[in-house]
Amino acid sequence: MTKKIGIADTMFSRVDMFPFCKKVIGNAPQKYAIERYTVPGVKDLPVACKILFEKYRCDIVIALGMSGKMPVDKICTHEASTAIQNAMLMANKHILEVFVHMDEVKNDRELFRIAKNRAEKHTLNALALLKGKEALTHFAGKGKRQGKEDVGGIWFE
Amino acid sequence: MTKKIGIADTMFSRVDMFPFCKKVIGNAPQKYAIERYTVPGVKDLPVACKILFEKYRCDIVIALGMSGKMPVDKICTHEASTAIQNAMLMANKHILEVFVHMDEVKNDRELFRIAKNRAEKHTLNALALLKGKEALTHFAGKGKRQGKEDVGGIWFE
Amino acid sequence: MTKKIGIADTMFSRVDMFPFCKKVIGNAPQKYAIERYTVPGVKDLPVACKILFEKYRCDIVIALGMSGKMPVDKICTHEASTAIQNAMLMANKHILEVFVHMDEVKNDRELFRIAKNRAEKHTLNALALLKGKEALTHFAGKGKRQGKEDVGGIWFE
Amino acid sequence: MTKKIGIADTMFSRVDMFPFCKKVIGNAPQKYAIERYTVPGVKDLPVACKILFEKYRCDIVIALGMSGKMPVDKICTHEASTAIQNAMLMANKHILEVFVHMDEVKNDRELFRIAKNRAEKHTLNALALLKGKEALTHFAGKGKRQGKEDVGGIWFE
Amino acid sequence: MTKKIGIADTMFSRVDMFPFCKKVIGNAPQKYAIERYTVPGVKDLPVACKILFEKYRCDIVIALGMSGKMPVDKICTHEASTAIQNAMLMANKHILEVFVHMDEVKNDRELFRIAKNRAEKHTLNALALLKGKEALTHFAGKGKRQGKEDVGGIWFE
């Protein structure tokens, strides 16, 4: 049966990350259904994710958000992330949190690049998690990053 | 059937934001019912929102609050926001949080202006969310702001 | 039927605020029943409030607490307040949090005065909330404070 | 029927506080049963407390923990305390949190003394709470402290 | 009946800690089954742990994670740990949190060494907790550490 991927995104974000996810999903060998849910900002995402699970029967959700630079923005993002954790525990399903922080970049171009990279890589992660709990095991402890370059694993003995 | 919008507000706030919401709702092409619930401060809002969902059968709630300048005020607001997240997850319905922070403004006039703008824009957001999960999709990634001017979206490729 | 008001208080507090609440309740035109529950400190209050709702069938609870000056005290108070929010959401009933912070005052006399004022005003708020969701609406946006003087509402247009 | 007191403690703690609790309980006029549960550190305490309530049918639990000096230790302790609050709300029973912070003392001797005093006083509090919700009311607002000397109540009028 | 140990780990971690756990489990006198679950980062661990309990019927879970140096990393780790606490309370089972913080070490070699030591010791703790609530009581108050050397207990009288 076709698996369904929920994608929740925001008006607050300065980058429309949905097309990046859609393209990755479209390029996958299997066919997936997509349900999109757009909300004002990150604090509206958790309940949207939960509705995507319960009403729209999604098997996994990708939550696309952007966080401002001010201290109040960071607290909002923390509240959203805490609730996203609760939504996952209530649903027993994964929500891949693709949050971009406006202060992790130097300019708009870098903001765009990180948003695109992080959305694409986490979409690939979502597709892997849908396959099973060991689909990503090959990469365990390998220092993988989303939005930035991988830092790699280390081993001494 | 007429949809019902809950509006929870506080005595602590220095601006009565209810009239702004009411006007926006009144100007909408559809007819909506309104239920109002007034509490002392932001920490009393979450349970009021939950009661508006469960006892008064609201379909969505707008939570109007104001946050003081002291560190203790910021912690109170964080506690209120965390509980508002929980209330949303329990109800599977949206609560639009219209919180104004006394330290994001320089004077009373600006405080009033931001409160009005944020309340009006989030009421419009509430009306859109009542229509469906893609009613706001047109604005996804467009850098929309409530209380301040939009910053716009970016795209590089 | 006589409504029941729970009052939870602590041994940690340096001010016994219960008599202030009791007097305000006694002066009300209606008759109310009171259930008191004393615990060691603020972190013991949330479950006491929940027991006052569930075992003692209180309709509303007033939680009287005092917070020390040290960073660890502030974290404890935050944990207590977070749990009080959860207790409210579980009960669908209000808990009026009357917390006094030892560092918001200059001396013992001021500590006493703020504790008394905050307890009295929040007891009046509790009585109003028992009447209904719009009993406090007359004061919405009026900058009301408990423990300190009201700052008043603002309006520009 | 004999009441049962759960005592959860950790390997991380530098002081074995269990004997202090046991002695206080043994000196009480009534007879109590004790169930002990030892875990690695404070973050393992909340679920141990919950298991003491649900599987071992304890009527109250004393959680004995110690918190390190580093910022990461303080965050761990905050996470543990937050979960202890949740465990209380789930069980409708008290957990007396006897946490000693390594940075509230100047040397090992003081660390030991505070741990002993706090464990003993909170065991007495536990015994009182088992008697009923007003067993501690005589001390309400009296500035009682555990681990340190009482600061006393104040009254002005 | 053979007990089942869940091991959840991440791609973000720079050290693959699974083999350390596996070896300790393999050296135990009893036979245990192992279920592994690999996720992108620490924020994906809590729901993986919950699924290991509910879908894969694990009796205990070891959560292997690594936390970056930036402030945003610390907040992520806090959110993950808070949710891991919730997952434990929902399952009434232990999750041994083996988190290594990149800023607690001076170089990669030390990072590896701490990760290995912490994973091994917490696996031994997991095996003990599976035996019963007093299997670790011998070490209560002994200042045991994972990832670092024990600091030892103190006693004055």
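Chains: A, B, C, D and E, in written order; residue numbering restarts at 1 for each.
Please note the rule applied: contacts are C-beta pairs under 8 Å (C-beta built on N, C-alpha and C of every residue); 3 or more make two chains touch, one makes a residue touch a chain.
For clarity, every value in this text was computed on a predicted model and none was experimentally measured.
The chains in contact with chain B and with chain D alike are C.
Work out the mean CA point of chain A and of chain C, and you get 41 Å between them.
Mean C-alpha position of chain D lies 25 Å from that of chain E. Counting partner chains per residue, chain E shows two or more touched chains at residues 82, 86. Starting at chain D and stepping first to chain E, the chains sit round the ring in this order: D, E, A, B, C. Residues of chain C that touch chain B in their complex: 74, 78, 81-82, 85-86, 88-89, 92-94, 96-97, 101, 104, 122, 125, 129, 133-137, 139-146, 151-156.
Contacts from chain E toward chain A in the complex involve residues 9-18, 35-40, 43-44, 46-48, 50-51, 54-56, 72, 75-76, 79-80, 82-83, 86-87, 90, 108-109, 111-113.
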